[in-house]
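Take a look at these structures.
Next, two complexes with subunit A in common: one pairs it with subunit B, the other with subunit C.
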Partner chain A sequence: MKIVAVTACPTGIAHTYMAAERLEKTAKKMGLDIKVETQGAMGIENELDQEDIAHADVVIFAADIALQKRERFDGLKIVEVSVREAIKNPEGILQKIAG
Partner chain B sequence: MVKKLKQYLLSGVSYAIPFVACGGILIAFAIAFAPMTDKGPDFSGSPFLKLILDIGVTAFSLLVPVLAGYISFGIADRPGLVPGFVGGYIANQVGAGFLGGIVAGLIAGFIVYWIKKIKLPVYLKPIMPILIIPVISSLVVGFIMFNVIGQPIKELMNVMSAWLKSMGAGNQILLAFILGSMIAFDMGGPVNKVAFFFGAAMIKEGNFSIMGACAAAICIPPLGLGLATLLGRKLWGQQEKEAGLAALAMGMIGITEGAIPFAAADPLRVIPTIMIGSSVGSTIAMLGGVGDHAPHGGPIVLPVIDNRIVYILAILAGTLTVAFLINGLKKWPIRKKNETKQAHEIS
Partner chain C sequence: MARQIVFNFPLTNGLHARPASLLQEIARRFSASISWENNRSNNRADGKSVLSLIASDTWKDDPCRIVIDGADELEAEDALKKFLENEFPGFDDVPPGSQIPGVQEQKIPRVIKKENTLYFAGTGAGWGIAQAPAFVFDSFHLEPPADADETKTVENEIRSVQEALNNLARELTEAVDRSRNQIEKDILNAHLAIAQDKAYLEKIADYIVSRDYSAAKAVFAAAQYFAAILQSRQSHYIRQRLADIKDISARVILSLTCECRPSPADTAAYGIRLTGPVILIAESILPSQFISLDKKLLKGLVLSEAGTTSHSVILARAYNIPTVAGIENIHKKVNPGEVLIVDAGRGLVIPAPNATLSRFYDLEIVKQRQINEKNAPFISEPGATADGKKMETAANIGSVEELESAFSNGAEGVGLFRTEWVFMNRSTAPTEEEQFDIYSRAAAIAGNRPVIIRTLDIGGDKPIPYLDLPREANPFLGYRAIRIYNDFNELIDAQLRAILRASVPGNLKIMFPMVSCMEEVLSLKKRLKNAMLGLEKEGIPFNTGIAVGIMVEIPSVVFALDEICREVDFFSVGSNDLSQYFFAADRANPTVSYLHNPFYPSFLRLLKKIVAGIHARGKWVGLCGEMAGNIAHLPIWVGLGFDEISLASAGIPAVKSALRTLKSGECNLLVSNLLEKNTALQVEERLSEFSRAPAGVDLITGELIDLDSGSLTRDEAVREAVNLLEIAGRIENSDEVEDLVWQRENAYSTGIGFGVATPHCHSPAIKNNSIVFLKLRRPIDWQSLDNQPVDMVFLLAMRASDRDKEHLRILARLSRKLMDEEFIVKLRSVGKPADVISLLKECI
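What follows is the complex of A and B.
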């Protein structure tokens, strides 16, 4: 199962990246394939391209603000959670998706 | 590289278009229903129309900062917003117009783009977008806009005004031609303003033909471009066609700025075209002895025009010139591509 994710918090300097790191580390531990794009105060980093999205089965939006370039994910299964959830309980989120 | 530049400009323009359209329509509405006098549209009798005018003017005044801000955004993403908006706002303040806004947006964007490339220790990263980048980039852009661009613009305007005054005693036809080009060059920017104020000042001295030439030139860019989007349906995108309709409304009321979205998106083709069109109109107006008693332009001022038929002809001539010229220029790359394709197919 290939997972892509986008994280975005309002200030965009800490929680955005913390959530990304938690999702990545947890997915790795669970043996899941994940690529995470961050939309922080610096702008879009590690941007998901057409290929990443085409091969993905699901996208996680761990966001408290409106996402940029959301149209890329039209047609893909979307799981929306808060940034806080992604930081506190990434295992739960990923379990629900994978399991 | 040029293609990237175009993309950045278009990025800014696409955010700015609704501001021009909104502001322009509101201002056009207010002016259309206010009586036209020797001093321009008169709002003393209608606070309601004045309110609409004020709201429109507000939307309009946001145009240049938005344009600059989102050009910068296109280059450098979110960190580009602060210096872009700040630079654009200053561009307004120093009277640099939308051209100044484009410069501000590009400078802001590239400064941030390059700052982002500097490798910094991890503990500095969080304060980069919130403190370091905005402060440094705003300082640089602000300095440039105030001192490098602002001062020279003021002096340029003085020089141009003096030059126009000296020409005022000479060849009126040549003067009309030049005024037409100036009005179309930067629409609401310093060059346009100098020409306009010259025309307005001449009214006070009893010379109505200068303003007459200006009045024709003022409405030709938006009317011409609006007409172009109506005639060449396949040449223009959806957003541009909507901007074209707004431009037509603005042109009728003598608001040149309706042409700004087109000029900002494709300056190399649009600006020379509208300069030619406006010069055609202004020269015809001067030749035909058109006089304008109000410091305002476009068909809306017909009530205070001398020689109305020539005035209308001047506007028509300029408008058609712009429409056909710009659509012809837009078709050119496509024709060239087809010719190259055919050449390859034959060989």
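What follows is the complex of A and C.
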């Protein structure tokens, strides 16, 4: 299964990256393929390109603010969670997706 | 045939004490009767009485008429007209001492709101925090004195009032002579004017004659009469003069009714005798009461009535007493003996503070002490860069009273002693003796340290009645400073003689303002030479080799350095005026203020030419002016090679401390680079790049780490972290940054689990990107994601700027690292701040 995710918190200094880190590490532990884009104070990093999105089975939005370039994901299966949830319980989120 | 002057009153503050007293002095020179009629308020005043003039309730734009009747009416008309036209408009300037830099907008720190504390907000004056028991003083109320015996006669009563007023005037005159504090002197002089006021005595006599009052009762009635008139006046400033009239009346009544005739210094007679450290709470206190209070025991002052321009508040500030004024009925709201906190910087008074508030203010006091301590080592050090290149750091002062505090702030000398205040706000010129006294006091306090005394620098924009300078369309391009000297020989020669006489022993120097050409230099030197010859003839000693310098303010001087350097010993660049004359941009005009910016390459090249030209001829050059005090500009001044910078003394410790972070070679390179830029923006960007802390290294330093934090709550931990930023000089205002952190914290807790919290903010209020690290002695609740208490806190403070990407990247890496339990375990085991820094460096 291939997962893509976008994280974004209000100040974009800390939680955006914490959530990305947690999702990446947990996915790795669970043997899932994930790529996480961060939208923080430095702008968009590790940006998901057309190819990433085309191959994705599911998209996770871990965001407390409106996302940039959201239209890239139109038509895809999307799971929306808060940044807090992504930091606190990444296993739960990923398990639900992986079924 | 009576003469009259018809006009509309021009002063925004109304006809207040200072213009009224000068008007009265002029009126008294003539035998003609002079009356002041206000056609709006329909009041008529005697032009020869200050009180009567103040009481006329004259306000801006009121239609007024002065009627002059008598033998010398033509001369009187002429003198009054001149006064009204030339000097009056300047009286809207704030009097010295009433500009209160400590006054800020009301700012309530978060803890006060959160604790739901009872507090009183007023207007702070001065700085500092005081905590002490309240001493509640029910202010002096004039009590109607008991009627005297029936044997009194009208003549006796009037005579005894006259006698009492004469005695008081004598005491006040002596007090003026004794006083070493200019502000105190001014206030005593204002009291003297009331004690000698014609209308005041007439009103008292009137009550004695027409109502058969005793002397004391008549004084009381007269005081009530004037108080009632002043009370109804629109001007806040005038209403505050009430205290002065009450003060004088109280003292006259006391001397009339009390056999012991207490001296004015005996405050016990007024009911204030301090026996221990206290915060004095009063409706208002009289200036004479303040003067005689024991300042060692007076920790703070809280007044309900007086505003920041009242004489007592001005005095309190001069004595560095934390003061809050303007809290209505405070003397009725505070219990005697109750412990109070006075927070002058924020204008707050907090009665019976709870434990949280006491801890907050204890931390504030500690913070202030740490900031002072941090700068303290530099105070006694000479101003120099890290590689030892000296740049003398001196103070700009306006009165000799500021000298002690300038030296205790680490001034290595006085780079600019403005003598204007010696001449202003008085009706006659200061004598040579008066000036000698002032300059010798400066020389004595300074010892071997240099004191550069700038001679009179004044023009038609400043009201000096005895100079009678004409108003001009362009006062800054006109008849001012040394350009007026040849018309005021006596005045200027008295100043030069006074400086010369005061020059042994000591290290006084003379500096002439607003020189534009060699001819002026020669003429000034000749004048000085003549003053020296005069003293020699009289056998009066002086320093024959006294250093003589000029201000560099007018660009023409820059093209005459060759010849001028042969004639003078030193130069000082007045950056504000130089910029004004160089760019032809009025510095008081906000629409052209964009030109007053040292970043213009043309201005930098001008400064370079000045410093290089003067140094090439072996002479010394300093920089005085507002630009000198800006720490951000310091690398430029070092790179240009100034021998000295002179600034307001409060900024000296910080400048000396910042100098130690610079290397002269790097500053030289920077300046040669800046001189090649094309625009101010390019210069500013290059300077900003130069001043940036290298990425990573400086994000966290030892002083941003507390591995043994005693903070007991989430609030306290945030406050402590923010305080560390302020102590480190990375932010200016803790309250503001604390609020920003809580804005974020309120969205949802930054307790991320594993016992770690990462409060943060992103704002231009942060001067340098920073990480603060606290390890708490006791874990505290942070409403964390995992509901576990927190024992480690990272505060992340970032500037909102594109240039900070590298730091943001580091914070992103740190944030990711904090998701790593292994890292957290390592972090929890560190024992020294240095270990925290190396662990962070290693991992991110």
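FYI, the second predicted complex is superposed on the first by the 99 of 99 C-alpha atoms of A that agree within 3 Å, B and C clash if a C-alpha of one lies under 4 Å from a C-alpha of the other, contacts with A are read in each partner's own complex, and residues count from 1 in each chain.
We adopt the following convention: a contact is a pair of C-beta atoms (placed from the backbone, for glycine too) under 8 Å apart; a residue touches a chain by one contact, two chains touch by 3 or more.
What you are looking at is a predicted structure, and each value in this text was computed from that prediction instead of being measured.
> I'd like to know which partner A:I34 touches here: subunit B for first, subunit C for second, both or neither.
It touches nothing on subunit B or subunit C.
> For subunit A, which side has the bigger count of touched residues, subunit B or subunit C?
Between subunit B and subunit C, the winner on subunit A residue contacts is C.
> In the superposed arrangement, which partner chain does A:V4 touch: subunit B (first), subunit C (second), both, or neither?
After superposition on chain A, A:V4 lies in contact with neither partner.
> On the A-aligned overlay, A:K88 touches which partner chain: subunit B = first, subunit C = second, or both, or neither?
second
> For A:M18, select first, second, both or neither according to whether it touches subunit B, subunit C, the two together, or no partner.
second
> After the superposition on A, what does A:I44 contact: first (subunit B), second (subunit C), both or neither?
It touches subunit B, and subunit C stays clear.
> For subunit A, give the residues common to its interface with subunit B and its interface with subunit C.
11-14, 40-42
> Can you list the subunit A residues touching subunit C in their complex?
Those residues of subunit A that touch subunit C are 10-18, 20-22, 25, 38, 40-42, 64, 84, 87-88.
> Where on subunit C does subunit A make contact in their complex?
744, 747-748, 750, 752-753, 758, 760-762, 785-786, 796, 798, 805, 808-809, 811-813, 815-816, 818-820
> What does subunit A use to touch subunit B in their complex?
Listed in rising order, the residues of subunit A that touch subunit B are 11-14, 40-44.
> Any idea which subunit B residues touch subunit A in the complex?
Those residues of subunit B that touch subunit A are 76-79, 116, 125-130.
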